[in-house]
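Two complexes follow with subunit A in common, the first pairing it with subunit B and the second with subunit C.
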Partner chain A sequence: MSAVGIVSLTAAKAAPLLLASLGGLLSESSGVINFALEGMMLIGAFMAVWVAHASGSPWIGLAGGLLGGMAIGFLHSVVSLKFRANQIVSSIALNLLAAGVAGMLLNEVFGVYGTSPSVAGLPTTNQALASVFSKIGIAGEPEVPLIGGMSVLIPLAVLLGLAVMAFIAWSTTGLHIRACGENPHAARAAGLPVTGIRFLAVVAGGGLAGLGGAFLSIGELSQFVERMTHGRGYLAIAALILGRWRPAGVLAAVLVFGFGQALSEWLAVRWTYLPDQVFLVFPYAVCLSVLVVRIGSKRPPSALGRL
Partner chain B sequence: MPLKGMTSCKALPPGRFFSRVFAAVVFFLMLLPPPAACAAKTMKVVVLTDASGLGDKGFNDVSWKGVQRAQADFHLKAQFVQSREQADYVANLSMASKFADIVVTLGYLYTDAVRQVAPYFPDTFFIHIEGEVSGDHVASYDFKSEEGGFLAGLAAGLFTKKRRVGVVTGMDIPPVEAYVSGFRAGVKTAEKYRNEPVEIIIVSAGSFNDPVKGKSLAQALVARGVDVIFRAAGNTGVGVNETVRNTEGVYLIAEDLDQDADIPGKILASTLKRMDVAVYDAIRDIVQGNFKSGHHWLGAAEGAMDITDMEYSKHLFSSNDLLLIRNARRVLKDGSRGIPKRHNEVDGFQPPDLKAATD
Partner chain C sequence: MNKAGLGRRIEGSIESLSGLVPALVFGFLMCALLAVLAGVAPVDLATTVWTGAWGSPDAAATTLSKTTPLLLTGLAVSLAYQTNLLNIGCEGQLTLGALASSAFAVAAAPLPGLVLIPLTMLVGAGAGAAWAYPAVWLKQQRGVHEVISTLLMNYMAIYLCEYLVLGPLGDGTAMGRTPEIPTGAVWPFLWRHGAVGVTAAPFLALLLCIGVHLWLSRTCWGYEIRAVGSSTTSSRAAGIPVDRWQTRLFVLSGALAGLAGALEVATVHHRFYRTFSPGYGFDGITAAFVVNASPGWLWLSGLFLASLRAADKWLQLSLQVTPNAIVIIQAVLLISVACQARFRSAWQFMLTRFKEVRSGYR
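Showing the complex of A and B:
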């Protein structure tokens, strides 16, 4: 793996984080704290495998991942908006609930423990392009540089990510969402349905995080393994905070995290004379040192966590 | 002065208050277990799996098999409890010890918890796998994982075309270190018979539960020119399988359980660690009233450590290589030959003479 390998590896590590932290951004811009990204990713990962298994198509499975994340988002918004519970507590409870439910469903649906049976995973970028080409009648084998051999979800995640960023930053609805997060009373006075907007933002954010989970289960792998998200949802929250709740900042943060992970694995197979622990610590050391530098000074949305 | 929260609670209209109570009750009811069935007095066995849990296609699954076999033979009632993380071990173990007649704990990471909890429950039998625990109601078993690692290393070292083999580990706990040290000793032995050096690259995922990382680590090994990967990584190994399945010319040696049929022809062999036999025998001894407490080391000599017959991959090896592997299995079964258990013992290891063992 050359230096080019690091670029594509960074993309693979950053893509699920990008989806999840943009999901978090959507929710927190509207003023609802969302620490439930881990649970959303996990349920998304499971539902993607379940639906792909039931339907036989990984693309329908991807929609399942979306719905799985939205389901947790729905619960979070009901508990925190309808019943006005503490949003952090609700998030943590949902993370724990998701871990338990995923394991239970795995046993109920597939009759196994721990690891689901293999399902059809999503194609690589090259394969996906080739099938599109053959459908519209263009001959030839497409070769995408850098990420061609990696999951088709990587370019899709980037496109979706850019769309979400543009949506939050420039669209009128995006402005409404941010208004709910900055000053809900003023927004309400201006005639905006604050609770409704927040509800939709949290559910849509859950869908994005669910896609991030589906990336892990049917993009990278082709099966569900219990607790496979392995803290990536929390890392996505860290990226959100490090990115100062701004779309571009979040993108930069997930790239830093992804690069840290990619570089540590790249070095681990080269500098074998160093103890393993050095490489295990490395990405988090990168994360901490970037946090200490404190780039930018934007505060969180003013009404974050308040109704 | 009333607290802020209290005033806001009072301000709730009664309708909303009741809908809240209703929601709380519904959430609570979801958690209630179904009414327990009345069971006749049978011995209760509780198995505590480590954080990888059942379905790891390895350690936990093998041990659970032994319990299930015992359940079928001796009319026991067996169930398992999966701990989410290490912090739960002591709490779950105490609960299980109160409830069950026989408690089986799986995995080195449980050793401390068993040492702490077992003295408080002198009437419960404890069977612990991997790690030494004393007590006259405790039987603990350790496996000479290094012997399995040695056979894996020999097979990998003889097989590799690119003279580069890789290892993906989960956490660097002693049984894994034993596996890896044995593997290095095995590769060293293979070097002696090939008359050329074979490079070993060892990477750790830092967790038994991160298959996505397992996949990319395996890809990194492949990109470095590795063509045989040995894994000792629990659920992280699921990702290693994924890489091997999708990459031409890369082969795998799996751990603990016969998985050769999972990717026929690409899994060269699996090491076999017969925890099921140890667990079954221990339960049988308890049921029949001749429990043997103490610590037991089990290895190839006891039939507890071996490698598969390579049903799907035989044709990929030369007959000479197969002979060497067969002889190595025989040498280990004799039990006279020690294999390094720690990394720092590998350098001093002298490869055994496998040609002479033919007769």
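Showing the complex of A and C:
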């Protein structure tokens, strides 16, 4: 792998984090704490493999991942909005639930422990473009620089991410969502259905995080591995904190964390005289040390965690 | 205490339980429903857990020994939660405490048992405390939520211990374990039955829980801590050093988790090995929250979770229920306990209606 390889590897590592942290941003902008991203990603990863296995198509599997994440988002919003639960406790319980359910279903559906059998993964960017080209009748083999040989989900994640960022920052609905997170009473007085908006924001955020999980299982690999998210959901929340709950900041933070993960994989094959654990621990160490740095001053949404 | 005071106390405790108890009943009903959906009769589940955990003297001794880490990690989570901090880093703190204490016990083998045992415990607790402190610093100085930092530090602790036990602190084999600790550092059995037995550890953990309960409910410091827990802003206005209490309790919480690891080494495994904790740190969260983070009731949740943990092989063998089911049960209970405010308001609504009806208002 060349030094250019590290750029594409960064993209591959940052893409699932970007999806998950934008999911978290949607939910937290509306004022609902969402530490359940880990569980949403895990269920998304599992559902993607399950549905891809059952249907035979990784694209339908991707939709399965979306629905899996949305299901956890639905539970989180019902528990925290309807039943007024402590949102942090609810999130942690849902992460536990996701780990248990994914492990149990893995055993029930595939009859195995730990790792699922391989399913059809999503095509690479070049392959996907080639099939599109042949459908619309353009001759020639497309060659995308850097990420051409990597999963098609990377460009899709970037496009989706930019769309979500624009939606939160510039659209009227995005403004409504942020209003619910800053001052729900004022928003309610202005005639906004605060609970409904928060509900939709959490469920949609769950869907995004589920897509991020699906990226891990049918984009990067083509199977589900128990606990395969490895704290990425929490890294995504760390990206929210580092990015100060602003879309552009979140994007930058996600790139930093993605670079950390990519660098550790890149170094792991070069500096083989160092023990494996150094590289395994590197992404988390990068995340924590970056959080020590004080950048900017934007605070979290004022009404975060309050109904 | 006069009669009116007693009545008020009873009414108060009914009110504080009026959310938790229905929530737990609801949670257990949901678990039963899930069991039925999975094709297992809930009665079978309960009897298997009971016989698996308490059916024979051996089983009971094993279950009691599993209670120790659960009580301590549960106490760790409850203690930090008194000041509104959630320590989900017990897993890492426990692992690090276990490794530090076993390495210390091996290195300090010549010391007599009477000195070695307390020192080993102190080293374990110190390692856990040291691993907890950065999280509270990040919280206070940089506004990083402690749930995030402690979780990331879990991964770091586990990889750090894995490296140390495969390298410098290992016993030279490729097994990924430390040498066995000297017999002077091992806690003797108070009561034994064949190869298994009960040490003083579960009772020590129970005493710690009761001690913390009394500390919180009967002392001036405990009052300050509970004030911080109910409102940081008004405590700050009243001159209570909020940040200092949060730091102290969080570090103490880490120390308890580290102590759990040290006790696990000194009473059960007698060494540290890779994948040391089967999730005791996360079980501590459940143990704490199903009794509303009140240390006086931890024995109940600790025994319950230890029974589940001890019976997991039985569940697998006789009912083909995977250990993942235990995680699901915990999650369902946690979720329903988190919803207790709703149950409490329903109870209060019924109570007011009842009082209205009784006083003749229709």
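Keep this in mind: the second predicted complex is superposed on the first by the 293 of 307 C-alpha atoms of A that agree within 3 Å, B and C clash if a C-alpha of one lies under 4 Å from a C-alpha of the other, contacts with A are read in each partner's own complex, and residues count from 1 in each chain.
Criterion: contacts are C-beta pairs under 8 Å (C-beta built on N, C-alpha and C of every residue); 3 or more make two chains touch, one makes a residue touch a chain.
Please read these numbers as outputs of a predicted model, since none were measured by experiment.
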{"item": "Simultaneous placement of subunit C and subunit B on subunit A, clash or fit", "value": "clash"}
{"item": "Partner chain(s) touched by A:101 [first = subunit B, second = subunit C, both, neither]", "value": "second"}
{"item": "Partner with the higher number of touched subunit A residues, subunit C or subunit B", "value": "C"}
{"item": "Subunit B versus subunit C as contact partner of A:196, first or second or both or neither", "value": "neither"}
{"item": "Which superposed partner A:287 touches (first subunit B, second subunit C, both, neither)", "value": "second"}
{"item": "Subunit B versus subunit C as contact partner of A:56, first or second or both or neither", "value": "neither"}
{"item": "Touched partner set for A:266, first subunit B, second subunit C, both or neither", "value": "first"}
{"item": "Partner chain in contact with A:92 - subunit B first, subunit C second, else both or neither", "value": "second"}
{"item": "Contacts of A:230 with subunit B and subunit C, given as first, second, both or neither", "value": "both"}
{"item": "First (subunit B), second (subunit C), both or neither touched by A:83", "value": "both"}
{"item": "Selected from 6-14, 42-50 or 150-158: the stretch of subunit C that, after superposition, runs into subunit B", "value": "42-50"}
{"item": "Common interface positions of subunit A, toward subunit B and toward subunit C", "value": "83, 99, 103, 113, 230, 277, 280"}
{"item": "Residues on subunit C engaged by subunit A in the complex (per definition of touch)", "value": "86, 88, 134, 138, 142-145, 147-149, 151-156, 159-160, 162-163, 166-167, 282, 285-286, 289, 322, 324-328, 330-332, 334-335, 337-339, 341-342"}
{"item": "Residue ranges of subunit B touching subunit A (in the complex, touch as defined)", "value": "20, 23, 52-57, 60, 82, 84, 166, 169, 172, 201-204, 206-207, 209-213, 215-217, 219-221, 223-224, 235, 238-239, 242"}
{"item": "Touching residues (chain side subunit A, partner subunit B) in the complex", "value": "1, 5, 9, 12-13, 83, 99, 103, 106, 112-115, 216, 220-223, 225-228, 230, 265-266, 268-270, 272, 276-277, 279-280"}
{"item": "Partner subunit C, residues of subunit A touching it in the complex", "value": "35, 75, 79, 82-86, 88-90, 92-94, 96-97, 99-101, 103-104, 107, 113, 230-231, 234-235, 237-238, 241, 275, 277-278, 280-281, 284-285, 287-288, 291-292, 294, 299-300"}
